[in-house]
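Here come two complexes built around chain A, the first alongside chain B, the second alongside chain C.
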Partner chain A sequence: MKRNGLSRREFLRASAAAAAAGAAGSFVLQGCARQETEIEPYRTDETLGGERFSYCGVCSANCAMIGHVAAGRLVQLRGNPDDQVGRGKLCVKGYSAIKDLYDPDRLKYPMMRTEARKGPGIDPKWVKVSWEEALQTTADGFNDAIESHGPETVAFFSRGHDWMNRLRDAIGTPNHLMHHSTCFTTHTAVWRACLGMGNRPFMLDIARAKYLLSFGWDMPSKAKNMSARDYVAALSDGAKSVVVDPRLTVTGTMADEWIPIKPGTDLAFMLAMIRIIVNEELYDAELVESTTYGLDRLRAQVQDYTPQWASGITGIDAAVITRVAREFATTRPALIPNHKRDAGGPNYSNSWRAAHCMVILNAMVGAIDHPGGQIVPRRPYLKPFNAVFPPPEFPKPRTERIDGFEKHPIVGPTRRGDFSTVTDALLTGKPYPIKAALFRKHNVLAFPDATRFVEALKKIDFIAVCDVWPSEMVQMADVVFPEPYFLETSGFGDRDYHEFYPQIALRQPMVPPLYDTRGYGGIISGIADAMGLGHIFEGVSSSTLWDEQLKAMGTSWQELNNSPNGLWSDEKPFVPTTEFKTPSGKIELYSTVFEEHGYDPLPLWQEKRELPSDQYPFYMLISRPPMHKMSQTQNNELMAQTYLENAVIMNRDRARQLGLEQGRQVYVESRAGRIRLKLQLEEGIRPDCVCIEHGFGHWSPSLSIAHQKGANEGDLIPHLSIEEMVALKDPGAGACMTDFCVSVRSA
Partner chain B sequence: MKQAMLIDQTKCIGCGACTVSCKAIYARASFGILRTRMKKYETGRFPHVSFRFRKHMCMHCIENAPCIEACPVNAISYVSGDAGGMVIIDDDTCIGCGNCTRQCPYQAPDRDRDRKKAEKCSFCSRRVLAGQTPFCAEACPVGAITFGNRDDVLAEGRRRAEILRAKGRSHAYVWGSADTMVLYLLDQPPEIYELPAEGYTASRQTLLTRLATPAGGVLAAAALGAHGLHLLRERRRRIEDESKLQESHAGRADDG
Partner chain C sequence: MNQNQYRHRFTAPGVPQYGGDSAHVRASAYALLSSLYQDQPDVSAVDRFSSLWRNFDNALSGNCLGRRTLLTGSQFCAAWQSSDSRVSLQLRREFALLFLSPRGVQPYESVYRGTRRRLMDDPWLQVREFYRKAGMQKGQRELHPEDHASVELGFMAYLAFMDSQCSAAAGKEEIRTEVAGTQLQFLEEHLIGWIPQLCRRIEAVPEAPYYHRVARFTSALIEEDHERLVVSAKHTYSTCKGSSL
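Then we have the complex of A and B:
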């Protein structure tokens, strides 16, 4: 390019010379003159606009947030300083939520497909329809299934929701499925059995702990707000941290010690720890005596689990195991933090036993419901929906579920369902088929053996999907209901991921709804109406519910709305729990509930299900990056700029031996499937492992940013048959999310 | 009041909350062009391995920022006021040539090829002048970013470094003590983080070496003018005087 007879390069150089010559003496003066030309949006607090209160809906931690709205547009999200969970901060996902609100790819109106074929690469040929048509079509789909095949052939894939639960009960189907068997049901089972509580036992008082021993617990890497903050605070306060994990995580690299254990052998490490602590009587004698049950039987049980024995299984020096056991038991407060997919999460066939060991070890050092330990959230009394609006008499549903979840006596009553067995049931129609289904979020990428799950979905005659984004699940839908994003909705929520005293956060709409959306409750009652079940929601409204619930707590919707900080708190002092809702009233190290239901009442060593072979030589690890929430946020413009696609992470030396280099495209294959990804080499991972971060491989072409970025490791996860699941004798019915091995070959 | 930002990389979890909360506000740049971003640095060999993050951003050189000198159209300048050396790019004037990125010892300005502009941290100068905190410091969920009075921030950094050294992290030190508004608390040698060993002094040498190439000759000649050299000598002398700031190096020397 020529400009005034100079090439661009010459022009730049000449300009540079002139500028530089002038700069030497006068740049400070220039600064003064130029300051005013700074362009927008160099915002100050004054230009951020008025404040609105909400709490985050990206993950279930529900950090309370303050939004700044200027000229009708949400400009910025901040944490609410008086909130127990976030304490004035949000995580990367919370700050990014603003871009989900304004994601142009969002679902904007109800739609119906006109293309009968379904699956990746097939255009559903959407047509925009009215709400009435969408609701009536769904009602007809449900009623057809009920009349022709029975009410149990209608299935709900959705988190529990008062309105949805009532429609489910009115229809009379047992088939309600949620994602929890892929997430934390092993922990739930152990807490229910040993402590008589704890559907979501994740509240940790890390900040006050002085010794943190993590078995795969890695919430700082996932930027879970309260965990990351408290972990950093604990370390700054001089806590010692030891991390047992096959991969070096953020938690691990910040820790005093990283122990790269062989995957799925944490149970052996913990059994040996228990033996040392019991035999050397290093436990908190007073608390163990007064609040636990079964120490003697435990002592007898663990005598074979010597550090030398554990060393052979875990690949960790016996001396290290012994030292860690002694340090853990003698430094107070000590804590084994847990949260969902740590070593006690539903990763391996033996994970529930590891979760049991975690409860035992925490109980032995007095970490259960004590400062610096694992805490039972002090939730406010939430008056149940059915107490506010008593339900009519409903038919008793068929006991047998398609996923066999009723066969698990401890977690069965939670009705959370089994994601790993449901695919088989849908494909084979056994024990009976599903003819109509309602999905709320629960994207296909989240299921084990995701590609096979897509095939299974084709067997369902009618699928309605409620979502905010045009996910893969939406691509499989017959009818699509657009929901508002949480920043457009009202409500309140408690702080149960970090609730030392009851606290409620207000949710106000930051902006009016951007699109023709309806809340889930409204969609459900619309479907009920169109099905001829309108009476089940007679007199039911969320405003009445909220007011009744808030009044039962001692406040009201109006008072909460007028709260100067968007919060209501009942700051009672913290008193440790001493009575537990178990048969013995104590923390049952020896679980009489497990015994009663035919599970091992004490943890025993059990090898994980699958070990490396010639065909599949690598252990598989799955993680999640801090800036994404599962498979939900890859289309978020802000999060995508920090992490756009995943890779397969391998030890550098191991890759060199295999002749594979950084960035090479490889196939990762398991007995379930094969995916193609870029190779990312690290030192901080065991040579016998590979790790893939979850959430990627979106194939919905309507997700303009996320489409075809990375791959879904869910395609590698083998599904289970009901028989296989029952045979595992896992009281939590965990989905064995990483209990398989893989091969890696150049693509 | 001279101000500074201390980024405690021993607390940083590398989550990118700073990156996204910055980009959410300063949104004009193209997709992927970020004013601040996280980089991960791994050291050692399995199993004796660790990694650290560094929040990459404009360091806001207190005086004689190389980018200001490098800009052919005078689009980069200091913000007046007594906060320190907040360096900003005037978006209207910038032609996106990339000179600032090339001359910056930290490669801080991001070159937005679609907009033909350079983009970098402004230190939230408007906010700072209004007595507020930069967005990233406000956002950090683990409290790794401290912003405020330079002396206080520096004292806090030294105090933290001392604690870390007492805990056995003998490398802990405050980097950038004399020359930049942005300071780091690090516990690995600076080269691990792609940082010059001695803050600005070394950066300046890097700059001069680069300018001594044929392509940069004209600029080098100008930049090496008597005034520039005088400033450089002044800075060296000042840094030597502030030998107490060099605690970091003492710490590292002990460790070998």
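Then we have the complex of A and C:
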């Protein structure tokens, strides 16, 4: 007998014999399940191998990538060399996306909870349900809320999405929330006011800069591909880098100079710089004259902000401040790079003023939209969804928002919402309760005062969650919709983090979907249909949208799909912007928009909200490790091997004084909450600070790697009431993510 | 040739349909278990299987199922035999907990035998190649990957069914011997290498008492089937050796 079984030919012979006896062809097993396992004759499948084009979906840089598929399996990802963003490279998160694709913990089917209680430690007792049942249950949850309590009692927690926006408008709810007030709305407010543009003003031409002055900017340690590489390129090309940061970051370790500033005082440092540059007339006079507005008023405003004054606030020697100001103004191109949670991000109550100073300083040295500076992305024209599919008339929301976000007139129209104030509204039911909500890829760990937010979620009668992984938010859901991972999807996108000329990247599915998933647009239209709102998506499809958008750009889906490099480019010479969409048509150093809306039109010194006290003696800093994307990648096996859990980072000498040693378990406590972590001692952090990396402390038992690794620093971040937020008079409604102090003691 | 004309539906509790050959019992048992790992069960189908299993147990099991398989199969039927809606809900919860939630088990060979903890690792390639050599692949509508417990058990059901068809047809002993060899090879290269471990993990999940019975039934069937096929292969080998002498 052949111990090793049959050859293919022999087996087919056996199949033929079986056929003669009554069976052949497809073999369908009907057991006692609702579905069947089917096995069928082998067919050669030409689609099993080859290269596919996509762009990364881990972060918003969206580096173009090429996937190598062998035997139906994605085996390697590499950067697309013709991509202006990644230029042939990916970051560690992009390369390891294969691990996420094949993560066995992913959500696989629509599910519904059968356990009424919710919260950490409570098993939702999931059952698998059909798509129809999941969609109808969600539609019923929404319709019940609308009929019993009003359309405003339905809320969407999701990034803006054409399909979702339309369903939101059809329902007539004002309550749409995104995470941005915890991330970058302070920058957004300043750019909208001073430059009349820029929802995401993060495009930088670092590689050509000769002097880089970073106030908390630390993209190299966030592995933001293009920034990290450009930073290294600039340094290799002789640029000087000065890093002003309470902690010695990756950017700082590579810099010429690290200036360990007191947290939340960057504003004072920059105000003094402005005074020096203005008084010594070190600015680019011609450019300032032709492209900016309000220099004289600025000059008058900053006269009190001497280097000596700033020294007393920042803890930095006045001579250092003066020298840096002069170097910055006289070395061209010079740039203060910014990205989200730097000193101008929504960390402190004065961060928006720091962001304003960044714009002023960059404008004074000609760094706004000039080579080696901060660039306005050259985006292609993307025909809007509502232009392709004109919407029906929708009712206007009849109430204000629950989070008070419309009280901020500059960022209010973006409808991004406020993660900091929403918890109060949910818990108190004031101004009105939220009865039903849809969450998409926004996890509870991202909210200030996260534990309290979980309690607030229990007040919502019905929650649907769309996600790829079984996150903490999924654990709070009544219905779960599984979405495909980006490597299983198709589409195209421009990438405005690094767009010197219009360029779009093709996204092809690398492999067929592994599970019974649907895209977000399909889920939304399914819910609308089940709610009796099917007409709002009549004739709407992704393929038509893409066709129309690509046609408006002068190409087509077919042409893009046949592109030899998966890209469409419209390369044009770079011409600096000279006219801005502000009331004066110039970069407004003195912002008439701020003035009109009752904000200070020029940056003034303002202390941060909270200072160290006997009870809470340490400033709090929050960072993110390079191998993780917020709270999304902790379950990635490869990432976990390199960085499994966070710790409390403290100055080594200070710890010694307190009798705390490396690895000791400690409690970190703020007025909002307390977490327990181990201690990590470093020299490169101010003695009056502690730092915790974000993204850890997952309590979802369904994340088999990330579960209970580290702690969530979000539990320490105080939430805000609407009244408190309004009283801060921050046009960006920043959530004050690190404007609090903490104590550290042995556990 | 239109393959659809050969499309065949094999009903797991289908012994009466195929005339009661004992080899069909094995095929039906594999098919049943495949379905229980494939999707959440419903009570009526479980009841239907249970009544058929009693027939197996009483009359047909004979020479193709071991004692532990018969015992665990009967225990499974006894535990699952109920039309109570609460049981139905419990079964659905157990299925979701075990196979949809990572809190439970991950029914993929790659996760157990791969070099890394992820899907589509080398065992997936190997089992796919095994199917291909056998002239088969998983159905286009089948969402689970080829190394999912349900697909591997389904393939084993297919092999067992082929075995039964050969045994029913006169003069097919030689081919049946070869089919038996393929079954043994598949068991040894795949099922035996990880399914018992999967079953142990299922039994370690306290919230899944019904599926504990499925796990015991599964491991008993695979392990005893393996033993039986090894003995059979040795016997065939010695017979062949003897005749050649």
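The working rule: the second predicted complex is superposed on the first by the 697 of 747 C-alpha atoms of A that agree within 3 Å, B and C clash if a C-alpha of one lies under 4 Å from a C-alpha of the other, contacts with A are read in each partner's own complex, and residues count from 1 in each chain.
FYI, a residue touches a chain if its C-beta (ideal position, glycine included) is under 8 Å from a C-beta of that chain, and two chains touch if they have at least 3 such contacts.
Keep in mind it's a predicted model, so treat the numbers as computed, not measured.
Look at A:Trp163: by the touch rule set out above, it reaches neither chain B nor chain C. Once the two complexes are overlaid on the shared chain, A:Gly238 sits against chain B while remaining clear of chain C. When the two complexes are overlaid on their common chain A, residue A:Glu637 makes contact with chain B and with chain C alike. By the touch criterion defined above, A:Tyr55 lies against neither chain B nor chain C after alignment on the C-alpha atoms of chain A.
In the superposed model, A:Val127 lies in contact with chain C only, and not with chain B.
Once the two complexes are laid over each other on the shared chain, residue contacts for A:Asp105 go to chain C alone; chain B is not touched.
Using the contact criterion defined above for the overlaid structures, shared-chain residue A:Phe537 touches neither chain B nor chain C, since it reaches no partner.
On chain A, the surface touched by chain B in one complex and the surface touched by chain C in the other have residues 12-15, 17-25, 27-28, 30-35, 37-39, 41-43, 99, 637 in common. Listing the residues of chain B that touch chain A in their complex gives 10-11, 13-17, 19-21, 23-28, 31-32, 34, 37-38, 42, 44-47, 49-52, 64, 68-74, 77-80, 88, 90-93, 97, 99, 122, 124-127, 130, 132, 135, 138-144, 160, 163, 167, 215, 218-219, 222-223, 225, 227-228. Per the touch definition, chain A reaches chain B in the complex via residues 12-25, 27-28, 30-35, 37-39, 41-46, 75-79, 86, 89-92, 95-96, 98-99, 220-221, 223, 225, 228-229, 232-233, 235-236, 238, 248, 250, 253-254, 258, 260, 626-627, 637-643, 651-653, 682-687.
Those residues of chain C whose C-beta lies close enough to touch chain A in the complex are 3-13, 31-36, 38-42, 45-46, 48-49, 89, 92-93, 95-97, 100-103, 106, 108, 111, 116-121, 124-125, 128, 131-145, 150-151, 153-155, 157-158, 161-162, 165-166, 168-169, 172, 175, 177-179, 181-182, 184-186, 207, 233, 236-237, 240.
By the touch criterion given at the top, residues 1-8, 10-15, 17-43, 71-74, 99, 102-105, 107-109, 111, 114, 123, 125-128, 470, 514-516, 637, 701-704 of chain A touch chain C in their complex.
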